[in-house]
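Every chain is named by a letter (A, B, C and D) in the order it is written, and numbering of its residues begins at 1.
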């Protein structure tokens, strides 16, 4: 159980670059805790300063700057800019959805100028403002200690160990978040398959009610289940929802890392592939299977128009 | 929100056949609610009566008898016995892990003698005594209404809709529970794959701490995650746990039903197959793959003794 | 190497019920070998007799009647009819795509009247007329010996062991054919995934040519590969082929049997599920995943119309 | 249909670096065709020259040098050495199992010195000496034309298009070979699952005979099937074969590329994961699943010793 060092917290002042869905709410949660936050985002009216340089200028050293911009080029460019603008003794926390393998490059670039680095995986989505954000961080003991008041302000209430972890050296935070997201893919797909199977049988008359009944006392109760209950209350047959499902980098990286470490991940990969397939109007694989069946089977032709006929017939 | 009809509940008296891990605790939870329970189990000292016939004799009609014995022959035999021993107007609730397809047979056998039937999937395991049991039931409106005080006593506290559902006609309760368990397989495997991947990297220094940090604020928080945290507190490397994993009927039935309904269930089936594989000392499939590689590859022989050498070498 | 007993063969006279895609060509192949065949099919003009009874009448006892009609009710009805029409000492060969578990019922019904039974899995499709049909049979040694001239006439040229097997007692023939088809699903899907991956990269400029180059000398060469080469010669981008892919009973039964025997079949089941998914206009599973992402993520809405916009944008 | 330019072929003289299982036989096949080959391998007595430099010295320019050494560092070092030792106008053919992404680096390093480059995926294993090697190449039209006599000498007899392809620019050869190997994983696993299922049933009395019967006329006939028949003739129950199965880089790269291109590859990935799992004495995943079951289920403990008891009991 931790006791938050509130005096130190109140004295804190930080910079926050990126005021998108995540950063905007994080600024608000930090402010509620008494932290002074200077937020900057070139695309957002509510920026507190007009540029990264102005942000750096306004913060008294030693500074802490939290970076919360999209992974890839935007994060890379922000880190590069900060490596020039900040001073030795400052500290950067990279809280975006970067691949863990990027962290070592970011840390090196900053370290060359005497600037510290922490990578931080942040979970919580739009619910984080109220519920708090779960934080997985990588970096040195010294840097993590220094930023702890921020982590305590952002994380959910309750024991520190239940919403925060210093997972290891640089990269370990994003690695942990990556695996978290990989698991998330598997969990969502498991619920989704169960939902589809309930929908497929006539025996079960009220699928949303069955799923809601799993909310308490069952083995499958979870926050994701609660969200599914909510979604089904909004739209009991999900008729307004498309099956077209995006995937983020973390799911892919999880499977790549599994392959690199020879770890079998049949469930996480199946969930990832289901998303790939959801975005295909037609599957080239299945065209090949269908073509093979035509070749050997004299199977009733499944040329596109014939298939269309069958779909139409089935719809009647 | 429901209000339990406590007067009616207090007056209730039921029979409960089967005092195993589930039935024993359910009797206790029912008694705490004020229900009078006559429990019977031939293998348990704490039986309240000495036989099914004595149990029937002791209950005033119209009776409710809850059957909580192993699926398959024991349930079948108990239902058959009850169809002889009970009277028209009585009601049987079958709460075991039966396949939903059995329910229609049980219901018919009882209906021929004027006896009612409800199938009830019960979730909650050893935690049900304190937390309550989630209940998914199938049967007629009339029978379900009659047994509602029992369901209210057994289910978790809170709104009735969050731990109880009348899912549909006979069979719908066990069907819903079957799908629940299928989902459970997928969820467990998703966490397990994530755990293995965290263990496989040197970057993450304290795997149990990472998993505990997911307890609040994350997308993957759930009761199963809490249990994983507990298990890792007991045994941080799970060194005392075997990978040998049993599967119950529900996981298999879920995949069978998915096939019958042409529903793709890549995640639930992968979780099931992982359990099958966990119980194989050697995989005949992989012997065949290995034999093929030997044939075409001139791959370094992987005959059993050579493989042993490699395992030993790897262990050094 | 077997030597066909050609004298015995020439004397043979059999009945063949079912002159569809398979039966029609089998009659032709049998006739080319010198066998006298009386074919009957109520839906086919080229029937040699006008009814099953007429067919039985026309054959001198002890008779052999080959049944080659669709699995399920048509086969069941034909067997029932034959159990009445045939005489003790006659022999029925059931060559359709029946589930192996049906065979024991068919055999019993016939045996009660002194009539023998062989189940025979037949592979070869429309190519069987020229190439011969591979045959997997179940039944008694005595019955199989008696029908051997037919099997020799139908099977491919070459050693008998390379296109024919007496796999075991009744049911073993259809069981072997079922597993054959399960494997076929996996093989087709493996080629199909490779095809899709080649199509997905710009690096490979001529996908059909790459696949054709695998025809000789490679590890993946096979008859199915040859058919894929043919299909791509007809239609290099498979543009006239739909991805909508039917599945037959055997694929499903294979996975069911695997589950019953606790055999992990990740590849065969994945191939089966891919076919299920190919027939869904929208995936309820993926709608559920998408709905969950909307709930927690503030992910850009993927409601149906928005998705449509994206698809359209991608198509530009 | 090609006609080999035999005069040009006879005049050809090439260097071949790497005389392992593949290179040794390729030298032999090239010599049988009349090509003069100078082979070099530091670890092989039968080297024709004593060093790479001696090999380069002995060949008249413009030279062709075929590199056939293990992927990774050995190939990298050989290319680097050749970039120094060869002269403008020479040509290097890289025939090892390199990742396609390496080719562009190799080509650049050589091109800087005016040396040409072809990447060549080679399939055929130990059977290639007699059957020929299937070749998939990437590079410029000019270079491929120049090396064609070598390709014609190495590839299987028959039409050039059935054992050789110029797949595209540099990298396309190794890419095609990578996909070939990914498919190979899926094919092998499909046969293996079918084998295991046949072994699991008592109904089929002679599994090797069933598989042999698939050799002709069936949909699943293939070269891999022929090899499985051979393996089962050597050892009908594969009792001398371990299930421990290595995987090569290509299987992993195939899944990585599929992920990069958002191509669903459930079958190829399942085959890869089955190999990973085959090398685990204990599965950390399944320990986690087992630990979870213990937590919620009061499931009969599956601690390691208890599991051992069950395995022993099952073995009785």
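Assume a residue touches a chain if its C-beta (ideal position, glycine included) is under 8 Å from a C-beta of that chain, and two chains touch if they have at least 3 such contacts.
Molecules present, by chain and UniProt name: A, B, C, D = Decarboxylating 6-phosphogluconate dehydrogenase.
None of these values were measured; they are calculated from a predicted model.
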In terms of mean CA position, the chain most removed from subunit C is A
Copies subunit D and subunit C - interface residue numbers shared by over half, same or different:
same
Centre to centre, by mean C-alpha position, how many angstrom separate subunit B and subunit C?
38
Just how far, in Å, is the C-alpha centre of subunit D from the one of subunit C?
32
Nearest whole angstrom, what separates the Cα centre of subunit B from the Cα centre of subunit D?
46
Inter-chain centre distance, subunit A versus subunit C - centres from mean C-alpha coordinates, in Å:
46
Subunit B: positions in contact with at least two other chains:
125, 189, 191, 193, 196, 200, 219, 224, 262-266, 270, 273-274, 277, 283, 285, 296
Which bits of subunit D are touching subunit C when the two form their complex?
100, 123-125, 128, 131-136, 138, 155-156, 158, 161-169, 171-172, 175-176, 179-187, 189-191, 193-194, 196-198, 200-201, 203-206, 209-210, 212-225, 254, 257-258, 261-268, 270-271, 273-274
Residue positions on subunit D within touch of subunit B in the complex are 21, 125-127, 188-189, 191-193, 195-196, 199-200, 224, 227-228, 230-232, 235, 238, 240-246, 266, 270, 274-275, 277-278, 281-300, 302-304, 306-308, 310-311
Quick one: which bits of subunit A touch subunit D in the complex? Just the residue numbers, please.
219, 247, 252, 255-256, 259-260, 262-266, 269-270, 272-274, 276-277, 279, 283, 285, 296
